[in-house]
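What follows are several structures.
Here come two complexes built around chain A, the first alongside chain B, the second alongside chain C.
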Partner chain A sequence: MTAQEVRLCGLLLQEHFGNVVEKVGTHLIRSGVLTLRALAHETKLPLDLVKKSLCVLVQHGMCTFGAGRRGPAGPVEYRINCERVFHMLRYPRYIYTAKSLYGDTGELIVEEILQRGQMTMSSTVKTVADRLTHNMPEGQSMDYSEVVSAFSQLVETHFLQRCPLASAGSSSSGAVDTPLPVATQPTEPESHPDCYKLPYINLTGQGKRRRSSEDGEADQCAAKKARTDDSECGDDRIYWQVNFQRFHLHFRDQAIISAVSCKLDQSSSEIVRTMLRMSEVTTPAHAAFTQALSANEIFRALLSSYNIARPILDQYLSLLVDDPMEFVGKTGDSGGGMYVVNLHRALANLARATLESVVQERFGSRSARIFRLLLRKRHLEQKQVEDFAMIPAKEAKDMLYKLLSENLVQLQEIPKTPDYAPSRTFYLYTVNQLPTARLLLQHSYKTVGNLMERRLYETKENKRLLEKSQRIEAILASLQATGAEAAQLTEVEEMITVPERQQLESLRHHINKLDSSENQVDETIFLLKSYINSTQASR
Partner chain B sequence: MTEVKVKKESTDPVDIENRIKELCLQFPHGITDQVIQNDMPHVEVQQRAMAINRLLSVGQLDLLKNSNGLLYRLKDAQSASKVKGSDNQEKLVYQIIEDAGNKGIWTRDIRYKSNLPLTEINKILKNLESKKLIKAVKSVAASKKKVYMLYNLQPDRSVTGGAWYSDQDFESEFVEVLNQQCFKFLQSKAEAARDSKQSPMVQRNSSLATSHEVWKYICELGISKVDLSMEDIETILNTLIFDGKVEMTIIAAKEGTVGSVDGQMKLYRGVNPIIQPTGLVKTPCGLCPVTF
Partner chain C sequence: MAGSRGRGRSQFSFSVDALGFGRGDSLPSSAHTPSPLFPPMQFRPVPLHTGEEVDYMLALKQELRASSKNLPFHIKAARTKTDVAHYSDKYQNGETKNNCIEWSPDWSRMPKELCIKVRKPRKTGAKPQLTRKPKVAAGKEEVLQKLETLEKREEEQHSEEEEDEEKKKQNEEEPDADEDYDEEDLEDETDYIMSYFDNGEDFGADSDDNMDEAVY
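Our next item is the complex of A and B:
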């Protein structure tokens, strides 16, 4: 765990769960694995607070527990999964993807499950139906069956999955006979055979609209009803969580498709999209290639709206295969030609393009030329760099040294004599893609941490103003509900002066910019992380 | 029997020299010592050596060495008159510089070859330069180094740097202009191919341009004062590849088709970058007014 990653985890935990959880979480990350007692002792927090924080983290899947170093007889040890904490940065992107694929219903389902960590199907359906009904015009309400169908679609395409069965049986019965899972290997959700099987629930009805006047009573009624309903619905203890890996595969596919459409043209990207869609659920997660698909199958699966004839399809496929980027490869000739999408190669190309664009934006297009030159030709002397890049010697030297000082370019010494005399050694410049990608990933983590801190600082600075505007809005809302005159409303509105309004506006604008920057940097993080993972998997 | 007195031919030194010169004329690519001896067997070794040395010092004879031994060759009158009036050392230095051809030679190398002290060399070089027999050319590789070559020779490409250097300065604007022109040509070709809306193979093939076509286009544009060869254009196109704007494929071509080199042709095609500028570089820094 690098310092930047720990800092970012701390900021994320604080923003989503508060100070106590942040303290517990960062301490656990820094120490690695700890028992409950040690954790409470070192953070100097009361035991029940620590217990509650750990519960929150476990509920969201960020903390795992298991038998510790002393074996099954010893105390349970807890550890934090940092990757899961970083996924919190990507929540907006998951929700947006669900919305674009399955509409508002899908969006709300994913949002609810992300917020709660794990939920049963019935409770999700009810909450989502209520929320949708709330937004609908008077008199209409959302039927449960629609929500159920959206939910089942999400499960079929593997975006949602059942939570792995925790060893809850042993803790409830108090016996330690059943072996706890080893702390180092959490049970994979996919190892469960019914991972994607929908439970049979009898859930009929419609979403309830919440009236603001009956707030207090409705809450209590709804809470009671929910408890009784749960046990009625028959899916007790079957909890669902978001399948992050599936979302990541989806993002990766999107990146590949947009790269193909930029490089070649729209029709080629549609063909690649079809190929990826066909192999969505059959390709294992870290595979280097998709399943081999024959040209006949691709032709049949192509949507008729694209209007691509068979010989044209063959031409496009051969063009894709010949392209130097090597997105698609040909593995055989049966069935009209067997084609695969080269996933690892595509990720490497995307990571390379990311590195090049970073160098270009930061140091200028001539430095980018030198960088690309070194990526292609591996090792070059200074004189050769100047010759190939056609840049005057002085400027080339300056740029190379700047890149070297930023560690984007490395120097390799090859001595001619056993003593490394500088006049008698070759100095070759080189770029290694993988270490540079890791370096940029750490930079990105630092950037996101900085953006978050700036946002929190801005909010804190203007806390007084924000609170005032919130109070005014609450007063306005209550006045409107009770039916006030226009004069009263304008009077209340004028409590915020014009410069304050401007300040509020600029603050909102600023915070929005910072927020959207976080999302954009997260895209870079995703690409680089996928590339690094793909190189590790193949090793 | 009376003794027959063999009349000794007069071994006049001037006669020996003339005879040697005639022999040289007979054998224009040089005569060895052996040939002189055969011709004038009565001349003693010392006299022969003296004659040869005199001719050498006057500058009418050239001393060369080949695998068998020493060769003497008549120097033509033109060059003989040039170095008349200079002494031996200068002639030696001049000869060394002449041998270097159009690559030129550095002062240190002259010193090694002639074994003369540095001060002498400098004096001689100044002398020769004032007589306009040699000239100094600044090398483009190491800017402090000066190489000397004969006055009327064109310096070699490796010294001046070829088409991209004028007066030892790298012409970056010229390279930039050529860069942009080539890119525009390839880009317009790619766009024309895309707009033609034909089958993808035909589109792709019509967006390709051989290096020969690009070379012809640039020559016709007439923006270059210097003649550019196809290799020069290919180095420019390589820089475009390193800019990520162009990609290259090599295909096999029949010998004799225009523009093919060793049975291969290089084809170039304008391309778009595969991703937009990445998110990390889109974040504004805290001070930029963009965020406010």
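Our next item is the complex of A and C:
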């Protein structure tokens, strides 16, 4: 774990779960694996607080536990899954994707499960139905069956999955048969054969509209009822979590399709979309390319709304194959031509485009030209760089040294003699894509950390003003509820002076900008991380 | 390594001009301080993406942040007891305690050592009333006794006022107050406690021959 990653994890944990969990989490990340006692001793927090924090982290799947170094008889050891913590940055994107695919119901289901870590199907359905009913006009309510159908759709397309089996050490009875999994190898959720099987639950009814006056009682009744209802519904102990890998595959496909539509045109992107859709279920997660699809199959699967005739399709396919981006490749001639989408190569090209664009925006288009040249030609001497890039010597030298100092370009020494005498050594400039991508990924983590810290600072600076505006809003709301006159309302509104209002407005604008930037940097993080993972998988 | 120094001394594989300084020139000065914290940017950054999608995700992000503060997963350390007892302590209930967890996880999925007492959510009104009622009931008898003795002893306005104030407080908390209390207050069936009413008969009765003293 690099320093920047640890810092970002700490900030994310603090934002969502508070300072206590942040302290426990960062200490656990830094130490690797720890037992409960060691963790409490080293963080100097009370044991109960540490227990609560670990419960929260385990509930959300960020912490795994297992038998320690001393075997099943020894104390349980905990470790944090950093990748899972980083996914918290991407929650809005997951929720928005669910909304675009499955509507408001799907969006709320995914939001509930993300916020609570794991949930049973029945409790999810009830909560979502209540929330939807709350937003509906008076008199209408959401039927449970609609929510159940949306839930089943999400499970069928593998966006939701069952949580992996809990380790047997927690339940005393099963300790004999199934030994605790070693802490280094958590059970994969997909190893469970019923991973995507929906449980049979008898859940009928409609969402209940919650009146604001009976909030307290409703909570109590709901809490009591939920406990009895869960066991009645028949899906006790079956918890569901969000399948992040599936969402990531979906994002990757989206990135490829948008890249094709930017580079070529809309119709070719539709063809690629069809190809990816057809091979969604048949392609394993880390495959380098999709299953081979024949042109006939693609033609049959194309939606008629696209209006692409058969010979046009063939032309588009040959265009895609000839494109230097190599999104689509031809692997055979049977069935009108067998085509695959080169997933890993597409990711590599997308990462390369990201690197080039970063250099261009930071250092100018001529430096970008040098960078692209070095990416393509691998090793070049300084003189050759100047010649190929067609940039005067002095400026080329300046740009090269600047890129070198930023570590985007490396120097390779090739000696002519066993001693590395400078007069008899070739100095070649080179760019390695993978290490540079890792470097930029760390920069991105640092960027997001900086953005979050700045946002916290801005909020802290204006805390007094924010609290005042919140109080005034609360007063206004209560006045409006009790039906006050306009004069009273304006009088309360005027309690915030005009300069304060301007200050609030500019504060809101800054925070929106910072939040938006975080979302955008996260897209870059996703792309670079997918590329790095794809190179590791193929090795 | 030192032996081959003599041969091919001035033949470099690159031209010296390419380095940027001629022979014999001093090297460019090295930096003695770390680079500035906010270096001036050569190029302005590209503006952020805009659009409906971006706005929706921004709103989602802010909503998630706000709602996660209210979830039971947001753990706050319990306030350590200070030596000074504050008046507001008895009105602040529902304070988080370290040894209770606010939500009920599935303990079969967690290691046994993490098991902690689950705090039952209760109505905010229930707690203070429960604690106040026995206190008030215990205090009632004492106050009654006190009142009787005081009634017998003195009937000055000062002590009566004290009793009335206490009774008033008792009346507010317990609507089913004794009828004994009502006599004091509702002698003439007015809203005013008779003992408070001063009908000004005593005003001016004191001799105001000595005008040296100021009258407030």
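In this section, the second predicted complex is superposed on the first by the 529 of 539 C-alpha atoms of A that agree within 3 Å, B and C clash if a C-alpha of one lies under 4 Å from a C-alpha of the other, contacts with A are read in each partner's own complex, and residues count from 1 in each chain.
Note that in this section a residue touches a chain if its C-beta (ideal position, glycine included) is under 8 Å from a C-beta of that chain, and two chains touch if they have at least 3 such contacts.
Just so it is clear, the structure is predicted and the values come from calculations on it, not from any experiment.
Asker: Look at where chain B and chain C land on chain A after superposing the complexes, then choose clash or fit.
Answerer: Aligned on chain A, chain B and chain C fit with no clash.
Asker: I'd like to know which partner A:A393 touches here: chain B for first, chain C for second, both or neither.
Answerer: In the superposition, A:A393 touches chain B and chain C alike.
Asker: In the overlaid three-chain picture, which partner chain does A:M136 touch, first (chain B) or second (chain C), both, or neither?
Answerer: It touches nothing on chain B or chain C.
Asker: Where does A:E361 make contact in the superposed view: on chain B (first), on chain C (second), on both, or on neither?
Answerer: both
Asker: Where does A:V56 make contact in the superposed view: on chain B (first), on chain C (second), on both, or on neither?
Answerer: A:V56 sits against chain C, while chain B stays out of touch.
Asker: Under the stated touch criterion, name the partner, chain B or chain C, that contacts more residues in chain A.
Answerer: Counted on chain A, the partner with more touching residues turns out to be C.
Asker: Contacts for A:T524 in the overlay, against chain B (first) and chain C (second): which applies, first, second, both or neither?
Answerer: Only chain B is touched by A:T524; chain C is not.
Asker: Applying the document's definition of touch, where does A:M495 land relative to chain B and chain C: first, second, both, or neither?
Answerer: Neither partner.
Asker: Taking the superposition as given, does A:K513 touch the first partner, chain B, the second, chain C, both, or neither?
Answerer: Both partners.
Asker: Check the residue A:A301 against both partner chains and state whether it touches chain B (first), chain C (second), both, or neither.
Answerer: Neither: A:A301 stays clear of chain B and chain C.
Asker: When the two structures are overlaid on chain A, which partner does A:A481 contact: first (chain B), second (chain C), both, or neither?
Answerer: Neither partner.
Asker: Once both structures are overlaid, what angle do chain B and chain C make about chain A, taking C-alpha centres and a multiple of 10 degrees?
Answerer: About 130 degrees, rounded to the nearest 10.
Asker: Aligned on chain A, what is the least Cα gap between chain B and chain C? Give it in whole Å.
Answerer: Distance of closest C-alpha approach: 5 Å.
Asker: On chain A, what residues does chain B touch that chain C touches as well?
Answerer: Correct list for chain A: 361-362, 393, 513, 517, 519-520.
Asker: Within the complex, which stretch of chain B touches chain A?
Answerer: Per the stated touch rule, the residues are 164, 170, 172, 175, 179, 194, 199-201, 204, 235-236, 238-239, 242-244, 247, 249, 271-275, 277-284, 286, 290-292.
Asker: Taking the complex as given, what residues does chain A use to touch chain B?
Answerer: Residues 255, 258-259, 262-263, 265, 267-268, 312, 315-316, 318-319, 324-325, 349-350, 353-354, 356-358, 360-362, 365, 368-370, 372-373, 376, 388-393, 440, 443-444, 447, 451, 454, 506, 509-510, 513-514, 517, 519-524, 527 of chain A touch chain B in their complex.
Asker: Which residues of chain A touch chain C in their complex?
Answerer: Touch list, chain A to chain C: 15-21, 36, 45-46, 48-49, 51-56, 58-60, 65, 75-76, 91-93, 95-96, 111, 115-117, 163, 166-167, 169-172, 216-217, 219-220, 223, 237, 239, 361-364, 381-383, 393-394, 397, 416-417, 419, 421-427, 512-513, 515-520.
Asker: In the complex of these two chains, what residues of chain C are touching chain A?
Answerer: So the residues of chain C touching chain A come out as 1, 4-5, 8-15, 17-18, 20, 42-43, 45-46, 48-49, 53-54, 56-58, 60-62, 64-65, 67-68, 71, 73-77, 98-99, 101, 105-114, 116, 121-125.
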